[in-house]
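The block underneath contains the structure these notes are about, expressed in structure tokens.
In order of appearance the chains are A, B, C, D, E and F, and numbering begins at 1 in each one.
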Amino acid sequence: MSPTAPIRDVATLLEALPYIREFHGKTVVIKYGGAAMVDPALREEFARDVVLMKYVGINPIVVHGGGPDITAYMDRLGLPVEFVSGLRVSDADTVEIAKMVLVGKVNKDIVLRLGRHGQPAVGLCGDDGMLFRAARKAAPNGEDIGFVGSIERVDTDVLTHIAQDYIPVIASVGADRDGNSYNINADEAAGAVARALGAYKVMFLTDVRGWLRDPADQDSVINEVTADEVERQLPEIAGGMRPKLAACIEAIHGGVSSAVIVDGRVPHSLLLELFTDAGLGTMVKPAI
Amino acid sequence: MSPTAPIRDVATLLEALPYIREFHGKTVVIKYGGAAMVDPALREEFARDVVLMKYVGINPIVVHGGGPDITAYMDRLGLPVEFVSGLRVSDADTVEIAKMVLVGKVNKDIVLRLGRHGQPAVGLCGDDGMLFRAARKAAPNGEDIGFVGSIERVDTDVLTHIAQDYIPVIASVGADRDGNSYNINADEAAGAVARALGAYKVMFLTDVRGWLRDPADQDSVINEVTADEVERQLPEIAGGMRPKLAACIEAIHGGVSSAVIVDGRVPHSLLLELFTDAGLGTMVKPAI
Amino acid sequence: MSPTAPIRDVATLLEALPYIREFHGKTVVIKYGGAAMVDPALREEFARDVVLMKYVGINPIVVHGGGPDITAYMDRLGLPVEFVSGLRVSDADTVEIAKMVLVGKVNKDIVLRLGRHGQPAVGLCGDDGMLFRAARKAAPNGEDIGFVGSIERVDTDVLTHIAQDYIPVIASVGADRDGNSYNINADEAAGAVARALGAYKVMFLTDVRGWLRDPADQDSVINEVTADEVERQLPEIAGGMRPKLAACIEAIHGGVSSAVIVDGRVPHSLLLELFTDAGLGTMVKPAI
Amino acid sequence: MSPTAPIRDVATLLEALPYIREFHGKTVVIKYGGAAMVDPALREEFARDVVLMKYVGINPIVVHGGGPDITAYMDRLGLPVEFVSGLRVSDADTVEIAKMVLVGKVNKDIVLRLGRHGQPAVGLCGDDGMLFRAARKAAPNGEDIGFVGSIERVDTDVLTHIAQDYIPVIASVGADRDGNSYNINADEAAGAVARALGAYKVMFLTDVRGWLRDPADQDSVINEVTADEVERQLPEIAGGMRPKLAACIEAIHGGVSSAVIVDGRVPHSLLLELFTDAGLGTMVKPAI
Amino acid sequence: MSPTAPIRDVATLLEALPYIREFHGKTVVIKYGGAAMVDPALREEFARDVVLMKYVGINPIVVHGGGPDITAYMDRLGLPVEFVSGLRVSDADTVEIAKMVLVGKVNKDIVLRLGRHGQPAVGLCGDDGMLFRAARKAAPNGEDIGFVGSIERVDTDVLTHIAQDYIPVIASVGADRDGNSYNINADEAAGAVARALGAYKVMFLTDVRGWLRDPADQDSVINEVTADEVERQLPEIAGGMRPKLAACIEAIHGGVSSAVIVDGRVPHSLLLELFTDAGLGTMVKPAI
Amino acid sequence: MSPTAPIRDVATLLEALPYIREFHGKTVVIKYGGAAMVDPALREEFARDVVLMKYVGINPIVVHGGGPDITAYMDRLGLPVEFVSGLRVSDADTVEIAKMVLVGKVNKDIVLRLGRHGQPAVGLCGDDGMLFRAARKAAPNGEDIGFVGSIERVDTDVLTHIAQDYIPVIASVGADRDGNSYNINADEAAGAVARALGAYKVMFLTDVRGWLRDPADQDSVINEVTADEVERQLPEIAGGMRPKLAACIEAIHGGVSSAVIVDGRVPHSLLLELFTDAGLGTMVKPAI
């Protein structure tokens, strides 16, 4: 048989070389969520993508939430599910269930899947090695929504112990000084981890094509924007894009070189973003 | 004020010195369970005891199960709870719930409590860093009881990364090569971890006074016994003492210097066992 | 037998936990002298106390003099013993004898005693690894008192080589650039070592209850005082308390967090000071 | 624009993942020569291939000869070029010229080209760090052919110093104990280096399609063969394939897992061999 | 036999002790050239001197040119040899030949000779580990003289990898960003390497007795001079002394403690300069 | 001035090169005593010799006794001095004085002298870091001679901590398990240290020309002998040569490559032995 097809494959490999060079030895934080976490095929592709990143010398850190799974268990237990401004109203029982689902189910599913694709991972939550210290936060309208927390402090020591040989996978829950547990928005957690680690890049997987100039028009994706520009517009932004853009600002202002919002419905969107010029989604950059 | 009371305290501290010397730099695996995990006061004492062990130079590793919490959630979800020879019959849904409860609730409670007492801990389960590889096992009567596993292999690398600066806390669940999760008996897990680490000692907390010559007579505790002697008697032993004694044999035959079954209802039974001559419970030793 | 007594012992152990936590990994310099060095029982207790400190993660450094032993040998040799302002007038022969006694007898007695209590120690004097560089100093009244030296420079390298695995025990003698040996006040030496190492604490064992507001009244102990306050009063202080207080000032101004003058006649005064609230003696602190 | 093309590219990248996994952290020795060293385009492709290997975690070591360049300089200098059984008859002047050309021209060309593709390299010959100790060898017919050497000893220390951060590029010349320089066959050198390093694989680039069952029939390539089988047939093999096959035997018997003879005229034959199933050339394996 | 002669020898060894102490652990860069590189006896002495330096704890780095060897090969190839202001006019062919001679012949001769005297060495040129980045320079009169380069950047990483266990021997050629090779003046290279390494001393071997106040009078050697004084006089200096003095200024202004121009015709001039008060040649020092 | 004299000096330096090469990185234990410790000029020469050894890469360990100084102090104190078979009869008081003199005077004199010659040293005795464990031994005739000990065990850990940066200087006293101190023969101590360290060479300084075939004939020195031969003759040997020869046997049988008895009255006998072919004294070698 003619070796033409393999040659084409190898040529492709070599086209990735400049990108591999750029990211070699760099830390990349990935907020994992949405369709890429729900669709079985996308889930496997995500795991392979992250394992490949590790093998070509990148230091990937996965941060995840898991809203749908939490809601499913709330339903099985006959508990009411309520949201205020997109934040889950969380009494102590809700937080306990959310934490069990995120840490004991979603997190370990990701850890096992990465392992099956050839790279041992270690799952963590904010409690492990005191990774996150959380503090209660109110809803934007000031309403008390219970044990919903923001991150006061990230202690990256435990990541340093683990990231050399394993892929760290972080569930976005954490406790305050008194040991109360909190739901933490996973976008916020990813931004805070990227900032604390001085990551090179942070990537947010979503179920839209990026930040849309006109939310009704899927073709109005803003390809590149400065963090300052995002900050100016933030007050007018609502919905799921808001915490992502806020986390982009947080990361960029904290020294991260680029923050991208990527369409997780597209297979291999992580690798497309890192290793090709496809230019999917929205990239937030420091002001020039 | 006379310093008599503090002097007595300090004298006590010094009485522990020979024991501290003996255990300094040694690894001690602790199977945590029973009353010490349920009773709020004992829970706090347990955490303080383990933190003290870390501070005086011991390397403690905690392994835990959490049956009552699992059953409670099974009940909340209206699911049937069934045991065969003391092993929980586990379909896929049961294992998922058990894993969530152990990894996402029980484990993190322990981690947070150790942290509050001054020593950061990191929670792990068999999936993290591929710590355990499990295989399905049948009930002693040969009955299929679903996803109940035994441990085929322990990969201690992840513990080495963590145990220098943190107390590892291990939930006894694990997956097989295909990624199926299993309930694993926590006594078995503690014995296997102690053996794999070449631990100096493994301690099993129970709710009885030790291995009783006559189960009906609480005063018939066997204080010391060789592993060979236990092995001879094992076929006739039933109930919760059986997996503990089996794990003692496994550990001792694997090179661990001593395995003790300790009454966890007694406050500070860990420290009493390590740092005094009180001689609670049953100690299994290698043949002389 | 009822385990009540051991339980009380273990409870005591746990009361020390917050203190152990505070001092874990910290360097504590101890000026050893007085009754604690003369009384056989106190001598043993001192050794056990220091060994315990090492085992619970503290890095103790012992600095000692040994006046009475020197005087005894001077007497045996029929040599005159003379003091000016508390400083031993030292011709070359006197210094040679003092050095032999301190380095070859007192120091090794301490080293052996620590070893017998379970912790190997290494004895040093200012000559070893060029630990001290001394310079001749005059008596306060300007009188020439011979080879009595002050410390110009401390080279802590040799301590770094030794303190990881051994307890360093330092005899307070040293030489100048030309190789002439000097008697050095051990309080001064302890203060200088604490300062050079950036120690966390320096402790001076004495035969009084602390710094007394009224030297005639043993109950007038000043419990806590700032270094600045001590400095203001220093010109009026005479006797053995003077070099101790001067060394406290030196240490505190050099960055040591606390300096305490402790009654060495009280058994376990070191541990009482470190691990209880007994509050013996005088603590000198930085100005607030 | 549709991201279809990049997706195809990324999919290709992922197809390489199992191969990247296999070779990650492994040492691969490459005998570089023939068309791949002469043809300008192939030369660039070779450099990119080796740099990519380094970036995906492989430790590549390049060993090269350079016959045509040597002959060209011999011609410019008006010196006779003579071969016996494929070995260059080498008087002292010839060896001096060969060494200058290999070490000062061919080697540095490779080093510079790897650098331009993004990976600093360091050029070595057998003299550097006493990498090779050579001994004079006769032609197969026993004829004295001058300073043509075989390798008596490989000292890999210098490679260990360099290979962590650089790609080592080795010119196949070396000296004996008395400092006389020798031409060394580069196939032999590659085999000896692979053996001494305990390499995972050694690859020989040639200008034919592999080891041909029938030298006249380019389609008679033997795809896979054991080292023992090659050894049996070696006495009947002549020409340039002979030293390659002898080096394969040497490497495999010394513990190298596989030795392959690859067609260097095919672009990217290195990557095709490593990262696809294309199966070019001849693979020599240990006996099963 | 009487041991008088050995005693005298040993006494001599001890006279070197203060000098050995001064240079212990220090980096000394040696520009090797002239008679010491041509005369067979001086060549051996040079190698022994450098090996001795290594054995007594100095870190020697040898930098060399090799003009006469280059000219000899140019002659053998029938190529014209042309100089402008002491710089070799270098077309691409000339540079190729110069590089082959320097890297493939002269450098390896030095490497082998050091090895024979007991200390393995590693030869490098500016291409290895991207040690030098060169840029084209014009002759002082502005005339284009081809591929004659100056050093824009020294990357000392590769020296750090090698100098711990080997003596680095550097041939003064290098390439620009585009991969074009250049002749580089070896005096300039030695000065640049000394500066980049923060060397303690740089030594230039020449064939005259030093910098002569009156070039016609061999007895007019300037023994000591400041770099500023040299800089003032530099515009009037021509010939081979000019690049040496320029390199001295470059090194001293870059922080090197002393730069000496030494008569390489005197046997052991390196050791005489380092280990005795003989005071040969000219020492350039920082301004006082 | 003509540089002839320095050239001769440098030539001498180079003659030592092969010896420096042989001993580079090797441990050499030196038993220091006799005239070299008493004569002021020899004392300085000894210190310079040892410092030079350190500077040329040897790892010297000095072991010393100090009989004359002990006797002098015994006399000053009016105490009787008694010997049985060359061993000092030692009651507790005698040992205390001996220890003070050896550890506090002789040892520190050596430490200071090495420091003044440029190399910091650290003095140790058998108590430090539990270097020696001693046991009481009787005189050869079975008579009880008090606290005279032999070495049961050498713990070289403390030497490892110190010898990298300092010259260890060891006084030959030590204690038993109960803390009783003992006089230890310094020849025995040197042999035991050399054996425990796996030293390359052990050297004994004496006041005779070596082991004499005929003790009355200073010219009957045995230049070289095997340890087995010495062992055969040992029963008939008496006097100070006996413990030296016994220590040579002990060292050689324990793996030390050579043991030499050297005339310490000859200036620089250490360097003459190591760095020239002068061949002073007696060398004991393993059987061939």
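We adopt the following convention: a residue touches a chain if its C-beta (ideal position, glycine included) is under 8 Å from a C-beta of that chain, and two chains touch if they have at least 3 such contacts.
Computed from a predicted structure; not experimentally measured.
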* Structure fact -> Contacting chain B as well as chain C are chains none
* To do: Select the interface copy of D-E from among A-B, E-F or B-C: the correct pair shares over half of its contact pairs, counted by residue number.
  => A-B
* Structure fact -> Whole-Å distance, C-alpha centre of chain A to that of chain E, is 56
* Whole-Å gap between the CA centroids of chain A and chain D -> 45
* Asked: Between chain C and chain D, what's the gap in Å when you average each chain's C-alpha atoms?
  -> 69
* Considering chain D alone, which of its residues make contact with at least two other chains? -> none
* To do: Specify the contact topology among the chains shown, as one of line, ring, star, complete or other.
  => ring
* In what order do you meet the chains if you trace the ring from chain E in the direction of chain F? -> E, F, C, B, A, D
* Asked: In the complex of these two chains, what residues of chain C are touching chain B?
  -> 3, 6-18, 20-21, 24, 48-49, 51-52, 55-57, 117-118, 266-268, 271-272, 275-278, 280
* Any idea which chain F residues touch chain C in the complex? -> 76-77, 96, 99-105, 107-108, 111-113, 115-116, 120-125, 127-130, 157-158, 161-162, 164-166, 175, 179, 181
